[in-house]
Structures are given as C-alpha cells and as structure tokens.
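One structure coming up, written as structure tokens, with questions to follow.
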Amino acid sequence: MDCYIGIDLGSTTTKAVVLDTNDEVLGRGITNSRSNYDIAAQIAKQEALIDTRFNLFRRSLIDVESLRGRQDAFLDLLERSFRLEQYLEQLADLRDTCEGNVTEQRFGERSDALREVLRALFGRLFADAPAMFAPGVDRKSDFFRDIAGSRYQAVGEEVATAADLEFDAVLNVYDRSIIDVENRISNESESAKLKRALDRAFTEATDLAASEEAIRAPVTGVLDIALDETYTVGTGYGRARLPFSKEHIRSEILCHGLGAHRMYPNTATVLDIGGQDTKAIQVDADGIVENFQMNDRCAAGCGRYLGYIADEMNVGLHELGPIAMEATRPVRINSTCTVFAGAELRDRLALGEKRENILAGLHRAIILRAMSTLSRSGGVSDEFTFTGGVAKNQAAVDALKALVRENYGEITININPESIYTGALGAATFAVRAGEA
Amino acid sequence: MSITDIVDRCEALFEDLSFAAVREWKAAAPDRKAIGYMPIYVPLEIIHAAGMLPVGILGGGDHLEVIHGDAYYQSYICRIPRSTIELGLTGRLDYLDGMLFPSICDVIRNLSGMWQLLFEDKYVRYFDVPQNFTDAVGGNYYRHELEVLRDDLAGVAGREITDAALNNSIGVYNENRAAVRALYDYRAEKPWQALTSEVYLLLRAGMVLPVEEHTVLIGDYLDAVRAEDRPMRDNCRVVLTGAFCEQPPLGMIRSIEMAGCYVVDDDLMLVNRWLTEEVVGNGDPLSSLSAAFLHHSMETSAKYVPDRATKGRHLVDAVRTSQAEGVVFASPSFCDPALLDRPMLQHVLTGENIPYTAFKYAENSGQMQPIREQAGTFADSIKLWSA
Amino acid sequence: MTVTAGIDIGTGAVKVVIFDCDGEQNRWLAKRVDRLRRRDPMVLAESCYQALLKQLGLGRDEVAYVATTGEGENISFRTGHFYSMTTHARGAIHLNLGVRAVLDVGALHGRAISIDERGKVLSYKMTSQCASGSGQFLENIARYLGVAIDEIGKLSLQANDPEKVSGICAVLAETDVINMVSRGITTPNILRGIHVSMAGRLARLLKAVKVPAGETVLVTGGLALDDGLIGAMHDEIADRKVDVAIESNPDSIYAGAIGAALWGAFRHEKLIHLGQLAEAS
Amino acid sequence: MNATADPVVQKEDSMWRQKAMINANYTALANAHEEDRKVVSTFVPGNLNELLMCFDFVRNLPETNALQAALRKQSGRLVLDAERNDHSEDVCTYVKADIGMMMQGIGPTGETMPTPDLLMLSYTGCFTFMKWFELVREHYGCETTMLHIPYQGDGVITQNMRDYVVKQLKEDVIPVLERISGIKFDIDRLREYLKESVKAEEDLVWVLESAKNKPSPIDAYFGGVYYIGPIFTAFRGTPEATDYYRTLRQEIAERVAAGKGPITPEGELDDERFRLVVEGPPNWTNFREFWKMFYDEGAVVVASTYTKVGGVYDFGFRHDPDNPLESLAEYCLGCYTNLNLPSRIDMLCKYLQDYEADGLLINSIKSCNSFSAGQLLILREVEERTGKPSAFIETDLVDPRYFSAANVKNRIESYLQMLTQKRARSAA
C-alpha cells in the first residue's frame, strides 16, 4: 500500500510519521538522534512502519471471534514481545562490543577483572530483560541508549563495587561501545522479528493456543502487505545532511506550522521548544506560515538547558517538573546560558535557596525567553499550540500558561500528547501533497 | 530620621517599578504634569520652571521581567532600551506626559523614534546637544534648541515659561547640585561612613522626587551619617567609571564594596552632577544654561574632546582629588560610547601609573561571582602591595 | 611555627593545602583534592580540611589562618578570603620561582594573569561568559565520545588532522561535534580540535596580558595536567610567534590553595602588626 | 562600498573602470607623502568630498578600508588584533578592523597606509564615528576637525540645524582645511566640483530606479554596493565619477532593453522569482556566499536602504552649485542613518510599493546600532502598513565569527518557501 512519510531530524530525537493517501496517520516512530543521521532517519522510519503494522494488525483482528474484547491485551502482548526481541538483539550487540573494547593496552592489568565484571553485568542484564517488558511496567524511555544505559549504570555500580573495581572504567567501556551499537542497523528484517515476537507471544499466552491459527492468519496476512514508501519529505535542523534531494526537503518552520495546523485546525500561534532551538510561528487559517522567529547562535533557554540541570542535580529529566512544582517562592533567575546553568544552580544553593524554588525559577526563565521569541514573532493569538519536548514538562507548561494569560489574556492552549511529532506530521502532509501533484 | 529610615525609603522608591511616588505627586493637585528623561543630561530647570516634575527613567533594573522589550531588540544591544520599552508597553510609564531622549548614543537616539511610533499621544523629543563648544557656533545652536524645548514644554504644561521662573529654577537646582557635591565630597573623605550602595540609592531617589525634597533628603542623610560611627573595613579606594547610562544592579555595587573596594567617586547618575559649577541665576537663563553646558559640564564618553591633550584628564583629576588608589571600569555590555572610550582612558591612566581593572555588566546581571573575582583581585593587589 | 591552610573551591573540585610558614621558609605539610561529583562544596571543604588536620594530628586552634579562595567566600570557618587571581599568582611563584604569567584553566573559566617576581598581579584577561571551549564542554564531549577524562590528553596527542570547532555557543558546538562524528572525523582529531580552539582563546588571552618575551607561563587549575591542551598551547604559541615557555606542574591544581595559604600567612603577620582589624576582608 | 576584490564574473566596462579608480586611489594614498600631497581621512556618510578636493587632499575612507579587508578575508585577524589590545568584543568591527590595520600599517591592497595629516570627522548619523576618530587621533597624533551634524529627531531639517552646520564649515572646518593644506579656499572651485556631482547623481538615481523594471536589470543591494562605490567615496565631484555613471547607465539601459536580469558572481540571474527590499548593510566577510543564497532561490533585491548611507538622492536631493555650503549641509543632514525611524519606515514602505516587491528582508548587523537599534519595530510597522511579510537575519560587517551560514540560509529558505506557499494559496 502507498505510504507517505515525513521525517523530522531533530538535534536530540528523530521522528517519523506515516500517512496514507487520505492523510490518515498510519504510524509514528521516534528514536534518539545520533552521529549517523542516515541511520537515525532509517530507524525512525522503520519504527513508524512497525507502528503502522500494529495498526494494521488491530484492524485485521477486529472480527476474529476468539479475540473478542481481548485484541488490546493481545496486541499489547505482541508489542511487548517485539520490543523484548529488539532489546535482546541490541543487548547482545552491546555485550560483544563492550568485550571487544576491553583491551590490555587500554586497561592494563585491570582487563581481566573488567571482563569478569562485564560477564556478570551482562548476565544480569539479560536475566532482567523479560521483567522490563512485563505487562504494565513503565519504561522511562524507549531508546536503547537510555534503557540499556540506566540498567548498565545501576547494575554496573553494584557489580563493580562488589569486584572492587572503580566504576568509571566500567562506565567508560559503555560510553565507548554505545555509539557503535546505536549506529549499527539490524541486518534482520523487522517482519522476521515480528514473526519471532508472535511465536514468543503464543508461548506466553497459552490460553490462546486453541485459536492460534485463527489469529496467526490475519497477522501474517498483514506481514505480507508491502508498505511502499511512495513519497518521503525530510525536515528538521539536520535536514541538510539527509540523503534527500531538494524537492524532498522542507524547512522545519513550514513543517511545524502545518503539523500544528493538522493537529489543531484553529491554531494561530505555534511555540516549539526543542533540544537546542526555540521556534515561534504564526500561521493562517490554512496552516501557512505568516511569520516566525527562532533563536540562533545561542541555545540558551532551550530543552537542552533542562537536560544540563537534570545532570547537575542527578535527577531524571522527567523528574524536574514535579520537583519545581513543589516550589513555595520561586527564585528569580536571569541567565539562561545552558552551560552556566549548573554554576547558577550551585550559586543559589550556596546562598541557601531551596532546590525546588531554584528549579521553579529556572523553568520560568526558559519560558520567559520563549515569551520574548513569541513576542518577536508577533505575539500569541487564539488558538495557541505548544509543541516539542519541553511541552511534556508540567512546570514549564504551567509557567507558560500563567505568562500567556498575564500578557495576552484568556487563550486556548493546545498541547498534544503526540506534539513531538508535529514537524514530522507536517513533513508527511507535504509528502502527500507532493505525491499527488 | 535614621540612616536606615532614609535608605529604606530610597530603596523603596528605587524598587517601585510602578512609580507610585510620581503618581501621587501628580494626583495631589489638578493638571500636574510629569516629563520623563533618559540619561545622561537634560536641562531639568526648564521642566521645573513649567511646574512639571522631571522623572529620570533609567531602565527596569534586575527586578523587571522583560518580555515584550526583547521583541524590539537583538541580543547584541544593551539592556536599558529593552527594559525601558517594557516599562512603557506595560503601562508603567502612562503617567508621563512627555519623554526626552538626550543625545548619548545611537541606541537611545533610535529609541526616540520608536517612542514616537509606540506612544503617539505623548510628547516625545530627541534632545540634541552641541559637540562644538564655542559660544558663537555650538552655543548659538544650543540656545535655539533650548528655546524650542522651552516652547514645547510650555505647550505641554499649558503655561508660559518666563525667564524669571527659569532663573528661579536654576537657583533651586544650584542648591541640589551643591547638596550632591557635598555628599560626594563627604563620601570621598569617609567612604566607610557613606557607603556607595546608600549614596547611589539617595541619588536614585532624586529621579522621582521633587528637587526641593531631594535636596532636603540629602541633607538629612549627611546629618544622620555624621552622627554615627560606622566600622571601617580594610578596603582600597577606587573611582568607578563607565556606568553613566544603563545602571548596574544594586547587587553589583554591593559586591564591589564586599570584595574590598570603597568607591570614592563614580559616574553613576550624572544628571544632577552634570553642571559642575553654579549656573548664573540672574542673567538670560537659556544663555546661562548654554554657557554652563559648554564650559562647565562633566566629561563623559558621549561628549567629544576637541583637544587631544585633555582626553582622559577628567578621570585622572577624579582619582587625584578623591585620593583613589585605582580605577574600576564598569560598563554595560554593548555600550558603545563607554567601551570604545575605555582603551583611551586606560592609556592615560597607565601614563599616570594609576592601576585599573575593567569588567562589564547588564542592569539585570545575576551572577556576581565574576565581578567579585575581578574587583576582589584588584583590591587584593592594591592592599597586599601598598607599602 | 605558623600553620596556615588554603582552601580552594572550584567548579570541579575542592583543593586544600596546609603550610608551615616561618618567614622565608614555607614548608608544605599536606595536600588533598576531592572532585565535587555534585556534592555540596561547603560540606566537602569541611570534611576535606578535617581529614588533613587529622592526618597531621593538628587541632583547629593550631591553625593560625584559614584562607579561602575560589568560591569559598562563604565558608564559615575561614579567617580571610583571597580572590583566585591573587592566589593563583602566588601559588605559581611558589611552584616555580621563574614564572611571570599564569594561565588558570578550570571547568568554566580561563584566565591569563601576568605577574611579577613577587607574585603580584600586573594584569589579567578572562574568557567571556560563554562556555564554549570551556573545560566543562570538553568533559561533556569526552563523555559522548566514550573517552575517560584521563585519556583525553593522550588521545588528543595522536591527532593527525584536527577539526576546528566553530560554534559560539557550547550547546551548538556539541552538535558540531556530533556532525563531525557523522562525517567520520576520528576521536583524536575531534578532541585535538577542541584543544586547539581552547588553546587559541587562551593564547589570545596570553598575548593580551602582554607577557614579556622569553618568560615562562605556568598553567594552573583543573586542566593543567591535560597534555593535549598543553601540547595545543605549545603549537598555538609557536604559530602566533609568542616568545614564552608554557609549563605545567604536577601540583598545578593546588596553585590557588597554595597561594591562599601563603597569603594567609602574610596577612597573619601584617594583622599582628596592625592589630586593630579583626577580620581581613 | 564597492567589492572590487571579489572574484566577480563581471564583463562590463563600468566594473573595470571602477576597479581602476579604487586601486588608483589606494596607490595615490600610498604615495601621497612622497608626492607631498596631504592625506585626509573621513567617513562615507556626510563626506565632504568636493570640499576636500578644493584643498587637494587625497581622501582616505576607513570604512571602505575595513570592508575591503573583509572581502579579502583579512578582517578576522585584524579584529582579533584590536581585541587583544583592549578593544571590547562588543563594539563596532569596522573600528576594530581599522585599528588592526593601523597597527600593521598596511592597507587592504597591501600598500602602506599613510599617516593622515587630518581627520575630517563628519559626525553624521553614527555616534561611533566620534570615538573612532578619537582612537585614530590617539594613534597617529594627528589633527582633527569635527563637523557635528544634528540628528533629524523630528524627521525634518530645521533652519537652526542648517545654520549650525554651515557656521561650523565656515568658522571651523574650512579654516583648518586651509591651514593644513596651505591652500586658500576657492568657492568657485567648489561650485565646479558640485556641478560634476549633480551629473553623477542623476545617473545613479536612474540606475537605482531601473530596478522597477521586471525583471530587474540590477541587484540593488549586492550589485548596488558596487554602483554606489565611486559616489560614496573619494570620487563624488570628479569627472571620472561622472564618466563612470554615464557608462553604467548605458550598460543598464541595454540590459533593460534586452529584458535581462542582474549579473551576479554566479552568472546572470535569468529567472527572477522573488523581488525583495533589503534594509541594513551587507556582510562583507561572506559577501559572495551571502549573495549566492539569494541567487540560488532566484531572489533579486530591487531596493535597499544601505545604498543611501552616503546620500539619499532618489527623493530629489541634489548638490546645488548655487548654494555650495548650504547644499553640503543639506546633504549631510539628509544621509540615511541621520533619518529618524518614522522616516526610515516611510522610505521602506514606499520602496515596497514603487518597486512592487514581495517583501522586506532585514539584515541586522551586530556592529551597527545606528542601523540595528529599532529594526525589529521597523519590521513590524512595515509589515502592518504594506501587508507584505518580512524576514530578519543577523550577521556582521567584517567579523567572520558572526556570519553563521547555516542559520542565515535556514532563515532565507524558510522565508522564501513561505512566500511561495502564500503565492500558491492566493493563486488557488
């Protein structure tokens, strides 16, 4: 079937959206951006196509009698099995790469101890794997770099201390290996992996044994459908490095404008706070960009800023918002230079300020910068759509809502759970138009 | 009144971004009017003679959250115009009936045009001053400009501005200038008594208070500090220069003192120190103001120095008369006049073996650590190596 | 004997030294450095100081003057505080009598300080408030490239074709680096590239403070032991025809603390003479 | 103002003439003192070229030197040299490049920079000029004469301003020029030069307005800076200039007749897709790269304000041989950067209408507050009044560190794609 694909190669994540001929969203995929842009784009696309398959599975299973009312459970089982397959495959790759990276000339006499630690470490990682993909377990992230990384750190620290080997060495092996691993693309086809996932699913769901055939048939039917990449459009800050020709590339401004319009047709103003840029876009009733502003040369006040703060405070990015929301009297922070954020934080802590109050101040500070960018682009008009990674941070969202109200009055603010795909959705929409033209 | 009473009052006035004091003054009597002005200098006497209140607008400081202001300025332009625009756009200056933009730099100059566009109902004037200092040429031009200003302001005030009224106002401001001079002389003599953070707030109060009240306030402060013995710290004595337009945050002034420097002279808030001598109060007032401007006004980076030989002398004199041990160049980031002038001034100081240090700030600078490091190192080296 | 302590709180680590100063004789009794690893610097300083006293079997009251430097102004138990450039200058002279300039390179700052033979600061120049090309930035990149901090120097020296980092902003510069990896630039060449651009900035600072020809510059601070940076500095200095010798010292990282301890002793003497001032500012 | 150093593919006669003129002037400067001629340094806006010619001065223009150095990729180093000598990274890079050149004593063409005998500080529309010449004065220890040009704060030239300027000319400037040059002022000689100026001005205006044609035969920004070269610098009032502009006018007339588009370094632009008005000076360090970004998208600049910094002629002003000093005063007072913001906005709106442009693009220059401060308001006002979309990019004059090709390209691309989208919609 015809697939129109939009790929948004951002500085931190790469997103893909698949549309069908009727502009219907078939699938979405995301992965962390990495040094090999081409691979980042391929993986995002692959993920979107996998998502597409799952949508097709859902459709195909609707009138399978024996699954009445249990499709969701089954699809969830299938997806978890699939993610597990993916994880195990990359984990094996990581293990081999790590072992390869433990060399005498680098680690000298520590090498053998290190190999021991790694063996123990990976032993446990493999053992833990199925539990991580058990029903209802929430994973902080779906990127291998993050899941494997956090487990590696946690388990690694224990194992290392137990073996009385400094953890830095163990961590270093990981840092060294992960780039190679994430820049390798699996040589096994996704449908092969899906088939194995299917088998795994049935071994788990013994109660379905009876109706196995009735279920397998439609699913494998879907797997036989060819998903043709009819037209692909790329966007995002890395678009220039995508192996696409000029007519397959659109400015991220236009894509975000159109994407936001697709999600909320009444959108007049769009704010996107990404990893290292902030865009304020004014669109007309057709989603055509009227005006825009973006930061350049300096990433102060962008998403990455919060990343640094999280690192500095040794908490997860997703924990920042909640902490900030405990603030009683936010501190005024004037500098939003990302790299100095840490220094500013320490400065304030040294002055005895409460951590949550400082954090609240930091959140307000980055939103203040965004407000300036917005104002520069022509202000905020109804409706206002907020997109990008920072839109997931409740403290930032609250600060934004308050400031918008103070400065522009009552305005409908849209935040879509899928807002991270705004640019890709816009690009995919352009792909459909281009494909039709 | 005790020192704290006075200083607290000044600090309250300083921090009040709604300018309640001015609003109250206006409300106190029907059709009172107020005229705003930016650094460095405008002839306040003319505003005063029209029965109007001159209000010094020196940006928004470090308490103002600038949102719309940034929409009008690129990142490489200093902070004062954007916070001033913010004050205007958020209605904090709506009580002003007019605004004067003195000739100081391209940014403030262009701001005058922006003000014309953004606040069409208000009287706005770019107040140009001569860079030619001979009476026949620059003086003649300046006197005409003063006449225009007088007529304009008379129009705004809705009353004629007589020579008698002007001469009276000159007298009133002569008293204020004398009071400010006395304050500066006292601080130069006993900087641990009159802390610069206090002296500064006292001068800032003059931006919103009626001049007569301000003159009294300075007197009260001097009496109060004279009556008290305050601890003398082991600090060095410095002249602070380069801060004549966008003002440093109070925290920076405190940090400099904390880091071991007593400021014994400075170029903060020049407006009521601009004319260095008594202005003749019984002649043709505009000619008197003109003559004072041409021949007895402060040197600053926004003024041309016709004679190469005298470039930077004012700074050396300041150091000598205030018996300072060094000079601290503190200028706002992106301040063209101050930063372009700095190397020339530094060369003059080097020639006189006067040590100096230099750093930049913005009115909303948050991190004082680098400031303390530099001011502190400077103080250290003077202290540790003085005799 | 006059025992003094110097405590230097930096952005990356806390350094403490204890000296016995008798007039001309300055005896180094003990030293210790603790990397911050996101711990509270004040607490760390306290424990670090305690540990040294314990090691020397000294009581707090036996220390005549506790001098802080760096970000140590608000350490409760300090006698006095001296500012970084003052202390690094003095510390440098102690480590190497011959130096006439100090290049203090830390996690977030770079400073060139020209000094006289007594360790007096004659002039200085600092890197601007943007963090690109700071030590912090280098560490982040190293982590991304899977390079351990102590390997940076070694690898950088293996570079054959360094790739310059353009970015004005450190965060954008990180993207530059990712682009480089994507273009197949080798790790040594990337690291060296960062070293080169850091060295470029630092060399400019050095020229700006006008170190007299033929003099020696001591690199102090956290990055003093990064051979890659030192190597890049040598090249830069040569390219720019600056006639100075760049040196480092195994104890360079203690320069600030040493200077603080020694100035503490000096101040202690002076205070005894002056008497009247309780607290040295 | 001119870009002769750029490896421009440029066949036309006018270009070679101009090259020759510029280089001749650099040689004249280098040899001035041997041929004991006096050298005066002065600025482009409000330059008194005809007056200076009356005293046989060789004219040196620091701004032009700075941009020439940038076109030759020398400015980056020069700026750093100045910054190393305590000049702030925040201030104008023209000044720093010039200071860098003074320190090395070599001009952009590799010829020696003569010590000026006089600095003619025509203080017009830019505060930095004053500090700049104080710095030059400090370096050379030479004499300076200041001509203070009041600012058109209310958008008008008052009699008081005129009198002030003329009075300065009579009582300060001319006496100094006489003393330094040893030549008595001859007002009739001045009249003769001014007559030449008028001819050149007529032709220049014709050339600039030729951009009203579709397609436009010229690029009024990137190409424009070549065209204004002679008349903005040492040549206004010379027969060479008159000559140059006559030739140029003929060449352009031929292009119009042939319905040709502008010549660019990348070759002729034959498919004009966008017509833009540009506000703000160009970037000189990446001049050709910058121009190519427009060329690649078929964007032609049909009018620009930068080509008015050395004099605004397309609104009727001409030098007046009958009132020489008065018209010099009028000229200085009328230069673009001496206009207040409302006047600048009126000018831009008029350009957008008269030249049927698609929109306004502002190139905001870090160095130049006289231009930059307020540009974002200009952008808003012009958009509101004309209903045409505008774009904003940030670069610098001669500091390569502030030209971020990726950012500039991204913005230009996004802007032009936006214009295309709008067209497609209004077409539909």
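Letters A, B, C and D name the chains as they come in the text, with residue numbers starting at 1 for each one.
As a working rule, contacts are C-beta pairs under 8 Å (C-beta built on N, C-alpha and C of every residue); 3 or more make two chains touch, one makes a residue touch a chain.
As the structure is a prediction and not an experimental result, all values here were calculated from the model.
More contacting C-beta pairs link the chains of B-D than the other of the two pairs B-C and B-D. Our note on geometry: subunit A versus subunit C, Cα centroid distance of 39 Å, whole angstroms. Here the CA centre of subunit B is 36 Å from the CA centre of subunit D.
Chain centres here are Cα averages; for subunit A and subunit B they lie 53 Å apart. Among the residues of subunit C, those touching two or more other chains are numbered 71, 129, 168.
Shared interface positions of subunit A, i.e. residues touching 2 or more other chains, are given as 237, 297-298, 340, 343, 376. The set of subunit B residues touching two or more other chains comprises 71, 369. Taken together, the touching pairs cover every possible pairing of the chains. For subunit B in complex with subunit D, the touching residues are 71-74, 76-77, 81, 101, 103-107, 109-114, 116-118, 125-128, 130-132, 134, 136-138, 140-141, 144-145, 148, 301-302, 304-306, 308, 311, 333-337, 339-344, 346-347, 360. Residues of subunit B touching subunit A in their complex: 62-63, 65-71, 75, 364-367, 369. Those residues of subunit B whose C-beta lies close enough to touch subunit C in the complex are 233-235, 259-260, 369-370, 372-374, 376-377, 379-381, 384-385.
Taken together, the subunit A residues at the contact with subunit D in this complex read 237, 240, 250-254, 286, 288-294, 296-297, 376, 378.
Interface residues of subunit C facing subunit B in the complex, by the touch rule stated above, are 71, 73, 81-86, 118, 120-121, 124, 126, 129, 263, 266-267, 277, 280-281.
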